[in-house]
C-alpha cells in the first residue's frame, strides 16, 4: 500500500478531466459548465468533461485514470475507497444534499403495504439502494442482494424504472431527483418516504466531489481552482433561484438531447439543497447501512476526506470551516 | 502343385481365421489411468504455477487491491458469495435458464433441421437465412427482446433461443449431409421404406453431426445467457451468474468479478467434461471415429 | 452340391433369363452418353463378370439392374423379388455390430424378430465370421467387413446378386481367399451373380462368362465363356491364357482413347 | 500371344495416355452463373415473402408501433440513421475496432498456436486451458475489463482478444494436427531440415485448419465486440453499432433497434461472403477439398 | 541400356552390398517383438520384393532402412546419400502442382533454382506425365499420382529406392501398366529397389529376388531368386508357377496364426 510513494506537487495540470451526471443532483457541475464558472476558475488548465449515467462507470473511469475528478454519490466514493484501501480517491467537497425519496404506486400508503412488492433502486450499492435496504430493515423487512426476501429490490437503471413503473411492473422505487419528480409528475407516483426525514436535521449527502488521489497529490493547485469554481457554482444557484432551473435544464438538454419538463425540474429543485459541506459526520452511518445491507465490504474510511483545500478556500472567502468528522484532513 | 488348388471348406476356414487374427489387433485400452494423469496433471500444474506467479506479483509489486486482487481475495470473494447463498442461487438460476432454454431450442430446432435437411426447396430458401443468423451475435437481440418482453425471464429465453436454434438446425443439416450416400443406397437396396430409411439409417448415421450441433448450441446458449443476464440486470429478471457479475462490477469489487468469471468458466468446462464429453466419446468410439489415445 | 450350373457355352434358351437387358442406353442429364444400346441376357445361376476400364459405365449398368436408377432408353427385366447388391465399400452401418447389420437386412425383408438372431448367426457362419458377430465394423479388417456385407446380401435371399468391385479395396492375399469364399457360396446357393471388376485375372478366375465393356460410350466389345470352371485358381494356366487374351483386347480399347 | 508381352516404350506411352484420359474427367465449371442464381434467388424470395407477411400483419392487426414497427418504419429508421451520419460512423467505428482487434489477435495467437502445436510439454500444460477459455463467454470479461480499463476502447479490444485468440490458437493447433503424418515423413525423406519442414510442408499443409480458426476467430471478435459495445456504452468509448443498439433501446425506438440488428447481420454476412468465403473456396478448391457444386 | 543387372542366382559378393541388414530386431515400446533378428544383404542394382501378410512388419523394416526409425537391436548399413522412399499413398503436397512437387524434391536436394524447372519436366516425361505437369494432385487419377511420386523419388537421385506397397491402392489395369513402367525405370537407371507388397503375383512379376517374411514375429521365412527377368508379364507361366509355390508357403505361414 505504500509502494505508490507520496507523489510530489507538480504544479498546475494542463488539463482537468471532470465527470458528472446530467442530473439535478449534479446541478453545481451543470451550472458551472453552462455559466462557464468552472473554466473561469481553472484559468489556463483546460477543462474537459465526461457525462456518466451511473456511479460505477464514473468510479471505473476514475480508477482507470480516464478522469481526474467527478461529481458522484457518497456510497460509490466509500466503495472505491475501501476496495482500494484508500489509494484511489478523496472527497474534497460536498455538492448536494437531499433530493431522494421512496415513491410508490397508488394504493400503497404505509410500509406494511410493501410486503411482497417489487421496488427499484438505481444501482446495487448506490446511495439510494443502501438507503432503501436500511429503511426496509428498520421497518422489519428482510431483503437480500439477489432479489429475495419480503420485499424484492431490483436495481434497475432509472430510465428503465420509469418505463417499468408506468407499465405496472414495479410497485415503487427509491430514487434521486429528478426521477422522483418525474415519477410523481409524469407517472402518478406518490412519495411514501422522503429520505430527508430519515436523517437528523434532514441533511444527508447526495452528491460529493471526488478527486483521484494521484491527481490531488500532483496538482493540488488545480484542485484548488476546481474547488473555487465549484463553490462559485453552488453560490450561483443560491443567488439565482429564479433562473437556476432553466440553466440546469439547458445543460441537461445539451448532454442528453432532451430537457426535463418544467414541472419536473421545478419540483426537483425544491427537494435538493446545494452545499459544499459533504456532511462527513453521516458517512459512518452510510458505511454501517451499507454493510448491513450486504452491499459494502467492511473497511475503514478513515482518510476519505481531504478538506484542507476546501477549508483554505472558505477561509479566504469568509466561510465557516467544515469538519471531516475525524475521517480525514481538514 | 494342383493338389491344394481347390481348397476344401475347412482349409479355407483355417486360412481365413489365420488372416483375421493377423489383421485385427486388439490393443487393450490399458493405461487409461495413466492417460488420465498425464492429461490432467500438466494443466493443473500450469494453473497452480500461474496462481503462484500471480500471488508473487501481488507480494512484490503490491498493486492497488481494487485493480489487482490477490488469489486469496478471489477465493475470499468466492467463499463469501457461497456463505451468503448468492453463489448457489446464481448458479442454480443460470443453469436452470440455460438448460431449459437449451431444451426448448432442441425441441424447436430438431424438426426445423429435419425439414430443411430433407426438403430441398425449403432448404434452398431458408438454409442461407439460418446460416446468416448464426453470424449474428445473439447479444444483438437483447435490446429488442427487452423492448418486447421487458426485464423478465422471457428476454433471457428469447436470446438463448435465437443463439442456439441456428446451431442445432445447422448441425442436424450437416449431419444429414454427411451421411455417406452409400448407406442410403444400401438402405434402399435392402428394401427399406421411406420411414424405415429415415429411422433406421439416416437418423442414426447423422447422429455425430447432430450431436456436434447440440454441443455448439449449448455453447451458444450459455454465451447468450451470460450476455443477456449482464445486460438485462434489473426488472423482475431472476438473479443469475450474469447478474452477479454485473453487481460485483457495480460494487467495484474486482475480486468478486474474477470469482464469478472463474465460476462461469468452471461450469462451462464441467458441462463439457461431465456431460457432452462422455456421450460424444462413447458415440464416436462405438463408430470407430475416435482415435485411441491422442491429446484431446 | 445343389448348384444350377450351366456348362454349355451358350445359355440354355429353354429357361427364361434371370436378367434381361434390352437395348439399354443411359446418359446423365445433358452429359455424354454413358451406356449405348446394351443388350445382355443373364441365365439363372450364371456367374457373369462385367469388365471394363475406369468410367466405362460398369457401376451405372449395375445400378440400372439394381433399380437404383432408370435407363434413358431400353428395358431391363429382373426377377420380381429384386436383387441384392454389394458395393466396393462394405457400407455397413457403423453403429451396428456385424450381427445387427445382418439382422437389419432380415428385418427389412420381413423376417420375424424371433428368428432373426439365429438366422443372422447362421449367415455369419457361412462366411466364417461367427466369432466376430458382436464386433462393430471398425473393429473388423477390410476382408472381414466385406464378408459381413456378403452375409448381409445373402440375408436378403434374392435370386440375383449384383457385386460392384467388392474386393477392389482389399489386399491381394485377402482377395484371393474371398474369391474362393465367393465361389463356394455361389456353388452352394445357385444365385445368379453379376460381378463388376477391372481386374482381368479376377474376371477370368471367377466368371463363367466375361463381358468386356468399351469406354465412351460403354458398349459390349467382346464376350468370353469359360467351360470348365471348377478347380480354378488365379494362378491356373487356363486363367492366365484367358487373361492374356482379354488383356490384349482391353488394351486395344484403352489405346483407342489415347487422344 | 507372346508377341506384345514386352510392351515397347512407345506402346506403354500410348496405353498410359489412354488410361489417363479415361481416368481424368475435366468437367468444365459451366453453369456457374446458373448456380449463382439458383442459390441466391430462393433465399431472396423467402426474405421478400417474410417482409410481405410482416407488413400484412401490421396492416391487419395494427399493433402498437412501439412493440411492432412496420418494415417501412425500420427502413425509415435506417435511412434516418444514414442521413444523420450516425450509421456510417457506427459501422466504421465497429468495423475498425473489429478488424484491428482481429489483426492483433492473429498477431498474438499465431505464435502461441505454433508453439503449442510443436512443443509437446507446453501443449499438454497450456492446451486444455486455451480450450477451456474457448468455453468461457467472452462477454464475462467485459465487467473485469471495464474495471481495469474503464469505459475506453481498450476494454473493447481486450474483450475481442479474449474471444478471438483461443479460437485462432486452437485452429492452428488442429490444423497442424491434421497434417497427414505421411507428408511430414515425405518431407523428412526428401531431406528437409527442421526449418524447411516447417515452412515448406507443415505450415502450408496446416493452412485450411488455420483458416477455419481465423474464420471462427473473426466470428468471436465480432460477437464479443457487439457485446462489449452494448454493455460499455458511455464513457469515452467511440460510437459503434453496439452503442447505437443500446441508444436506440434507451429511446425505446424498436424500429431503430431492428434497423441496427439488420445492419449487424448484414455486415456479418458480407464479411463472410466477400472476404472469408472466396479465400476459403480458392484454397480448398486448389487442394481438391471442395466438392464442386453443392449447396454450401 | 545402362543397366547393372545381376543375373547370377547369388548376389555378386565381389561388390559391396548396397544395403546390409545385420541381425535387426524391433519392438515398439513394451509391445510384442515386431521384427526378430533379420539379416539381409541387397546387392547394388538388385530388385528385391519383400512379401508378407498384413502386420508382419514390412513397413517397419522399410522405415528402418529409410532411417525414419531406429532398430532395437542390430545394424543397418545404407549408402551415405540415403535412400528415396515411395509410400502407398502418393503423399504429394496437395497445394503444389505435379511439377512443383518434383521441384520441391530438387530444391531440398540442393539443385539450383534455374535448373529445377527443366529437370522436373524431364523427370515427369520419364513417367509420361509431361502433359499433366501443371495439374494439382486432386486433378490426377490415382495412377498418375503414383507416377508423380515416382518422378519425385527419382528426383532425389539416390542409389536406393524403397517402395512401400506403392501400387496397392490402384486398380488392376493401372497396376499392370505401372509394373511395366517401374521395370523400365529400373532397367534404365540401375537403382537398387526394395519393393514391399502382399501381392504374391506382383512380387513374382517384378522381383529378381523375393523375400517372404513370416508374421509375429517378423522373420525371413524363405527366399526365391528369379533368373530370367526380362520379358515377364503378370500372366507369364513362370510367374504363375512361382506364385503357386510362394502362395503355398505364405498360406502355411498364415494358417500358423489361425489360433
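Here are some notes:
For reference, chains read A, B, C, D and E in written order, and residue numbers begin at 1 within each chain.
By our rule, a contact is a pair of C-beta atoms (placed from the backbone, for glycine too) under 8 Å apart; a residue touches a chain by one contact, two chains touch by 3 or more.
Here the structure is a predicted model, which is why all the values come from computation and not from measurement.
When the partners of subunit B are compared with those of subunit E, the chains appearing in both lists are C, D. Which two chains touch most often is answered by the contact tally, and the pair is B-D. Seen from the C-alpha centroid of subunit E, the farthest chain centroid is that of A. Of all chains, A has its CA centroid at the greatest distance from the CA centroid of subunit C.
Subunit A and subunit E have centres, each the mean of its CA atoms, that are 86 Å apart.
Averaging C-alpha coordinates per chain places the centre of subunit C 47 Å away from that of subunit D.
Between subunit B and subunit D the centroid-to-centroid distance comes to 20 Å (mean Cα coordinates, whole Å). The centroid of the Cα atoms in subunit A and the matching centroid in subunit C are 89 Å apart. Of all residues in subunit A, those that touch two or more other chains are 60, 63. Residue positions of subunit C with contacts to 2 or more other chains are 53-54, 141, 173, 233, 236, 241, 244, 254. Multi-chain contact residues of subunit B (touching two or more other chains) are listed as 15, 17, 19, 23, 66-67, 249, 252, 254. Contact annotation for chain pairs lists A-B, A-D, B-C, B-D, B-E, C-D, C-E, D-E, with touch applied as defined.
Residue ranges of subunit D in contact with subunit B, taken from their complex: 38-39, 42-43, 45-47, 66-67, 121, 123-129, 132-133, 135-144, 146-148, 219, 222-223, 226-227, 230-231, 242, 245-246, 248-249, 252, 254, 257-258, 260-261, 264-265, 268-269, 272, 295. On the side of subunit E, the complex with subunit B involves touching residues 53-56, 215-216, 241, 244-245, 248, 251, 254-259. Contacts from subunit B toward subunit A in the complex involve residues 61-67, 84-86, 89-90, 150-151, 233-239, 243-244, 247, 249-254.
Contact residues on subunit A toward subunit D in their complex (touch as defined above): 50-53, 57, 60-61, 63-66, 159, 163. For subunit D in complex with subunit C, the residues that touch the partner chain are 1, 4, 14-15, 17-19, 21-23, 25.
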